Amino acid sequence: MTDQPAPGVDAERLQTALREWFAPWVQSLQLRVERCALDEVTLRLPFDPALSRIGGMVCGQALMAAADTAMVLAIVTRLGDQRPMTTVQLNTSFLKPLANQDAWVTARVLRAGKSLVFGEIDIVSVNDGKSVCRASTTYALL
Amino acid sequence: MTDQPAPGVDAERLQTALREWFAPWVQSLQLRVERCALDEVTLRLPFDPALSRIGGMVCGQALMAAADTAMVLAIVTRLGDQRPMTTVQLNTSFLKPLANQDAWVTARVLRAGKSLVFGEIDIVSVNDGKSVCRASTTYALL
Amino acid sequence: MTDQPAPGVDAERLQTALREWFAPWVQSLQLRVERCALDEVTLRLPFDPALSRIGGMVCGQALMAAADTAMVLAIVTRLGDQRPMTTVQLNTSFLKPLANQDAWVTARVLRAGKSLVFGEIDIVSVNDGKSVCRASTTYALL
Amino acid sequence: MTDQPAPGVDAERLQTALREWFAPWVQSLQLRVERCALDEVTLRLPFDPALSRIGGMVCGQALMAAADTAMVLAIVTRLGDQRPMTTVQLNTSFLKPLANQDAWVTARVLRAGKSLVFGEIDIVSVNDGKSVCRASTTYALL
């Protein structure tokens, strides 16, 4: 994470983008931008009973939503914040439960071509740093 | 859709399950059970500005969440409502935008084995009946 | 399957394409074009000990290869045989074993946009018509 | 890659397994075990015109087959060579073409549970070390 993101893009700009670009329902995840560098963004997903089922298990739907959101921001670190894009595909594997704790959601651009961007997302529990969810994505640039 | 679902499972039971089993954040999607039969459930996802981005585009995160939720209920039509399960994988393709309208979310069990269940979800726009999103899933029975 | 495929495209043309476009290793699957219509192609994958593991189980690698190949031909039924394309993503679920028998491999175009084509493949055993493998794909038009 | 694989498992054992367990058609890929450690295996996929289309492009079908094969061996480094398993799902993204050169196929176990194993595969071109293909997989232990 040594390279600089696109001009004008920093954690504060991405935090603002979370408010400007995403649906209110997604904003209610309360994602916070923790780190950003060229091609990589880490968000924090705070534990919230509203996202949980019995036993404090964070629902998979919230993890997928956080993954997709983080990837959009990771692409912005490469292409800047003026490039319209759309999710083509998001494939998610749920490795183990996440319960009663925050998670870090790290999205990374694998390859940015002319019309398609490939990326991967790793969601780890803050307590032990172990992966609970992994996703791979393809985005189309419009 | 001629075969009967598992004993005690009907649309009303599934609507209750939506309130009992799912996180409040998922419940705020306001999904309604429209039809159920053995191995197949159709939910209605009402249009809601809270789920939308600029231009009334329903966010992909809501579609993925609806797909996962519908699949859980489809599995209940086969196995009944006492069987714990967990999502192993959910792969989603976004075929075209959905804007300013409700969607039907149909989940279908493709195969229910001893420990794994495979399924597919099709999300279509209510206005023209065209697919906007397709997903395939694997669930593990616990 | 009532609509006609693109001009000049029929089962014979697709069978020729299997020899012209695909790597010799893929040709050794001995795929045969059984049916074609607009947006849909069915190939037959003959049982062959060379594709099998102990017990006559057809290897998953052969099923994935057949799925990808069938999808290329299905896209040709829509766009004709002069359009270069590349596989972006292929997601395969293995529902149950296929042993000691032929399979039908049906690929269907779900949506053909300007730059991306979405499709699904269903592989069924010839003996009982049950799905053994399902795949979803995205192709980019070049 | 500091931890030792399961007892009796080394590169030579895995090379033998490639001959014993896999279909002749998969063996014709001529995969060679280059490295193995606990949870991780790297195979070399030699360039071969039989696997190529016009221009020396290695066909995607060969990359998927190599990915699946490498993952089986990576699981063996954790669980030993007596554990029957089956591929549940393999999701492959094709990032860029691979032409006229060998590839390294590295499979890594992300999580091995009681009944499911999750893994990821990265295929890079030998010449520049860049990813050409990434896959994520789920296997069921029988």
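By written order: A, B, C and D. Residues from 1 in each chain.
The criterion applied here is as follows: a residue touches a chain if its C-beta (ideal position, glycine included) is under 8 Å from a C-beta of that chain, and two chains touch if they have at least 3 such contacts.
All values reported here derive from a predicted model rather than from experimental measurement.
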B-C versus A-B: which interface comes out with more C-beta contact pairs?
A-B
Give the pair among A-D, A-C or C-D whose set of contact pairs overlaps with that of B-D by over half, matching residues by number.
A-C
Report the inter-centroid distance (CA atoms only) between chain A and chain B in whole Å.
23
When the C-alpha atoms of chain B and chain C are each averaged to a single point, how far apart are the two points in Å?
28
Quick one: which residues in chain D touch 2 or more of the other chains?
88-89, 91, 93, 138
Residues of chain C touching chain D in their complex?
21-26, 28-29, 48-54, 59-62, 64-65, 68-69, 86-94, 97
List of chain B residues in touch with chain D within their complex:
88-89, 91, 115-116, 138, 140
With touch defined as at the start, can you tell me which chain D residues reach chain A in the complex?
91, 93, 95-96, 110-111, 113, 118, 120, 131, 134, 136, 138
